[in-house]
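Naming follows writing order (A, B, C and D), and every chain is counted from residue 1.
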Amino acid sequence: MPTFVEKVLARAAGLAEVAPGQIVDVEPDLYMSHSASWRCIRALERLGTDRLYDPSRIAMVMDHISPARTAKTADDQRLCREFAARHGIAKFWDVDAGIAHLVLMEEGLVRPGMVIIGTDSHSTIYGALGAFGTGVGFSEVTATWVTGKLWMKVPGSLRVDIEGRMSPGVTAKDLMLWLIGQLTADGATYLSVEFHGSYPASLTVSERMTMCNLAMELGAKNAYVPPDDVTRAYLAERGVPPGAYEEVFPDPEAQYVRTVAVEVSQLEPQVACPHTVDNVRPIGEVAGTRVDQVFIGSCANAKYDDLVEAARILKGRRVAPGVRLLVTPASRQVVAQIVRDGTYAALLEAGALITNPGCGACAGDGGAMADGEVTFSTANRNFQGRMGSYRSEIYLGSPATAAATAVRGAITDPREFL
Amino acid sequence: MKAQVRGRCWVFGDNVPTDAIVRSHLITRPMDEIRRHVLEGLNPRFPREVQADDVVVAGRHFGQSSGRAIAVRALKATGVGCVVAESFARTFYRNAFEMGLPILECPGITGLVSEGDVLTVDLEEGSVVNETTGGRAQATPIPPFLRRMLEAGGIIPIARQLAEGVDR
Amino acid sequence: MNLVEKILARASGRARVTPGEVVIADVDRILLHDLSCYLTAKVLEEEVRQPVRYPERVVVVFDHHFSPPTEEQARMLQANRAWAQRHGVHLFDCGSGNIHHVALHAGFIQPGTVVVGSDSHTPVHGTVGCFATGLGNYSHAALGLPFGKAWFRVPELVRIEVEGTTRPGVTARDVALFLTGQIGEGGMIYRALEFAGPYVEGLEVFDRWLFPLIAVDVGAKSGHVQPDERTLNFLAELTGHRPEAVRGDGDDVAEVLGWEVSGLEPQVACPPTVGNVHPVSEVAGVPIQWAELGGHGGGRLQDIRLAAQVLRGRHVHPGVRFNVVPSSRWVFTQALREGLVEELHRAGATWFPPSAGSNQAINMGALAEDEAMVSTHARNFPGRNGSGRMYLASALTVAASAVAGCLSDPREFVR
Amino acid sequence: MMEERVGGRCVRFGDSVNTDVIIPGRYLVSIDPVELAEHAFEPLGPEVQAKVRSAPVIVAGANFGCGSAREQAATCLIGAGVRAVVARSFARVFFRNCINTGLLAVECPAAVEAAQDGDEVWVDHREGLVEVAGRSFRFAPYPESLRRILESGGLIPYLKQVLATQAR
């Protein structure tokens, strides 16, 4: 009996069924490339062809460096713009749009049951809407532009059943960090991770995005939350009626490589310590660690809900003296939302530096640190040297923990402010 | 300070900004690297072929734009013996004396020289002789206050004296 | 004595000074930004080795970076922070705004004082009736920081009298650009400028600001507007304290130049220099890919309001990215309160942190070859913004061009 | 084109070596293997970098290449002269990127167990054999489809051949 991924890949490969370990040629529904698009275009030039299989499946978003600060990057971005115009690629978003994943989901382009590849490892995020999303290299995206096909090894599946209600101040991010700590950074390598149970069902799409995004840090090939009314409402708001997609669910008898059961009622805020995402401690063990900078951003945690959560703590308070609070909203739509509801003003008045939307410091676009500096970040990676000096440190946690940390200038349990 | 500089001249136009002397993205780099890019946008041969005691000749308002002292430091690092221009932007002018790079204001100089001519510049008298053509020009003599600064090698060695009013 | 002579005489402890003489004057304020602070501190620590005598007079503003993109730049800011803390000077970290706007808003600029800075546009502070000028790092490191002094050759004063009433769609920025073109780059080397006449005197202070701003671009040492009631009210409102003003006597000027600006069109400074100024009708239609409100002369609340006039009910052209960089946190917060942040965002503009914006392309603003930007910035020299071309204009012209996708006359958009 | 048997001295790494260590994000402006190779393993310091450059084989623990999807993590190793990576396991995007850029990536836990830093390690991908200091270990050879990509030198050259065949 098939799992989610077996069903969805069988459909995309035009086969009745597929089994884990099998290598199949699938036809992805959408090919996402971000700022790496120029590399795809250069690879296409090397291929010596200009014939694209289906330009309507190509989506490009200039998110990693926005806007350019060197002539080389400016030239690369112009190359993408001109390519998109020349080939009639309508799904092109420029440097002012925001993070690719968010933009595509907000635009209603990601739908249940779709197979999506992206030049970004966190393409697992599309599972939040019941789609299959996975990261590939840029050469593969180029090849898919031309052939419409891509080889994939059908993964086994990991089922995570999550029950319970979390206490205020504890979020989906904390759960995922805890899970990564438990299962380790390669706990789900090559696996499709399915999140089931009453907890994911109770979440907004935004929180589901955080979960599927962070699943990448378990080594997952893709992640999945079963579509439900929350999913349908999210899509309907974006003009996508239920008839426009086909939801895919795992068979109740599906075979999993492993099943993990989690009860979250007692979970505390969690922090991933330098320099790996699976070096996770409960907040109590790291509280008091001094920070120089707090970054609220990235595809993991810079969505509307995340910024509202942070602002709830920051409103009426000030960022600690000597600490820089950098906020990079995920997308233009998020900016519009937070400007309208006062979140933007609350962040600004608390002393935050709010940048234009995009990947920001998570992709090395600002936020670099000097030797010995420490950043608390809501992003999804804390590898050595990812934000500047090899002798700087990154701690990861939720937007609530980040906000509390910014106020105190040291890692702080957000529950103290709630 | 040398009394005389003798070398080949490199000719630039009017209103050369400091941005063209040292491009913005280079300013945090080591001087050894910056030096190899001085004025390259206007004449790529300049940083490659400039030799010690060569003379930079420019038109009006040389060194306009940002007051970055690094523009002077970089020119100095190329080994240039002096800069002779129709006129200078004032921050460049200050920076040059404060950092010990001899410069002369010499109305009419651009009409007197062609790229590569050999010039002899007398910094004390302010005379410029084009040895290739035999032409001569007279620069505005360096005011005594600034001459003292130049002779001291810049502003730092005389700063205390200036501050304490020994000058008055 | 004129205003500059009065200020310099007072600051150098003399009864009078005359143009041409060199004076050693006390400085009341030293302004350093993130790049110059680093270089100046290096000279001070490595070559001068003296303490900072009057740390309370020194203001450091990080405005070129709103967030360091590289480790190298992070180190520079870290060194600056440590230096500022060690010496107890005022520090405004990334995201505070443009150095000159921050210094003025925070009450560090007063009439009758001597203000020096490493930024070449420091003369802009003459707007409130001080003597303000840009000096090199060595001036600051050798004399300014250790002794609180600077040397000046007393400049001759040139009065620039502007009169007339501009037509709708023509702003103070257009008049300032026009004067830059008329006087020419380097046209006023070593001289001080006094902007006067009914046109200038009729402007609100932040519009007068645009005139001393151009002083450096025409080669002048400083520029000012004689302080009047409006200046003093402005400062009182800003800081809660009404200062005393010094005014020049009016006769000691070397030259008086006059312009009538009633018939003026909107103006554009074209590459490659600030003095290459043309009426917008001569350059309309040049395609642009980038537009920006920001820089020393832009990103004011006035600019943002002007842009909103154009963008109301319209949308930025799909081929253009329109950056808005508020000049300070105050401006940003006020724009938010007035609903301008939402309005411009909805029209397709993107908001950036208060900073120097695309100035020198440190966080943003690199252009590809053949790309062009129209902005309210103060400089357009090649090499400052990648490979592209920079056009300088008023906020109205910038916004109108952003909507049209090419340089455009804003009078077609505002009536 | 890839030889059947590649190898030489090995350099050994532990578990979960991530792509930010293999090639820091700041260098992704390049796609040139040689330029990238200069910065491969830079966070670990020049000694490790020198070792990698002199070793045609990388032996690593579990989850090698975890982190981002950047293809340059494989490209930079090719530029550094690495011919094969033998690991206990790979992060999946890294594994794909190896195949797609023509770098041999082999999962063989027993060989990893046996190999010491500096040992001679040879890989025969057709036979499914890793030799470590004379001892042999088996791994499941690549499926035909992936082998063709690998042997063509990567996905783009492979696809180029396919397109050329179709055109005929």
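The rule is short, and it goes like this: contacts are C-beta pairs under 8 Å (C-beta built on N, C-alpha and C of every residue); 3 or more make two chains touch, one makes a residue touch a chain.
As the structure is a computational prediction, the values presented were derived from the model and not from experiment.
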Longest centre-to-centre distance from subunit A, chain (CA-based): B
Distance between chain centroids, defined by C-alpha means - subunit A, subunit D (Å): 27
Averaged-CA centre spacing for the pair subunit C and subunit A, given as whole angstrom: 41
Chain centre separation in whole Å, for subunit D relative to subunit C (CA means): 54
Subunit C residues counted as touching two or more neighbouring chains: 70-71, 73, 361-362
Shared interface positions of subunit B, touching two or more other chains: 25
Multi-chain contact residues (two or more partners), subunit A: 70, 73, 364
Chain contact topology (line, ring, star, complete or other): line
Pairs of chains, among all present, that meet the touch criterion: A-C, A-D, B-C
Subunit B to subunit C touching residues, read off their complex: 14-15, 17, 19-20, 23-25, 27-28, 41, 60-61, 64-70, 72, 87-91, 94-95, 98-99, 143, 145, 154-156, 159-160, 162-163, 165, 167-168
Subunit C - residues contacting subunit B, complex: 22, 24, 35-36, 39, 43, 47-48, 72-73, 76, 118-120, 134-139, 141-143, 146-147, 149, 151, 153, 185-186, 189-190, 216-217, 219-221, 273, 275, 360-362, 379, 381-384
Subunit C residues touching subunit A - in the complex, by the definition given at the top: 66-71, 73-75, 77-78, 93-95, 290, 321, 323, 329, 332-333, 336-337, 341-342, 345-346, 348, 350-353, 361-369, 371, 386-388
Interfacial residue positions of subunit A with respect to subunit D in the complex: 23, 36, 39, 42-43, 46-49, 70, 72-73, 76, 118-121, 123, 135-140, 142-143, 146-147, 151, 185-186, 189-190, 219, 221, 276, 278, 363-364, 381, 383-386, 390
Subunit A-facing residues of subunit D, complex: 15-16, 18-21, 24-26, 28-29, 31, 42-43, 62-63, 66-71, 74, 89-93, 96-97, 100-101, 143, 145-146, 154-156, 159-160, 163
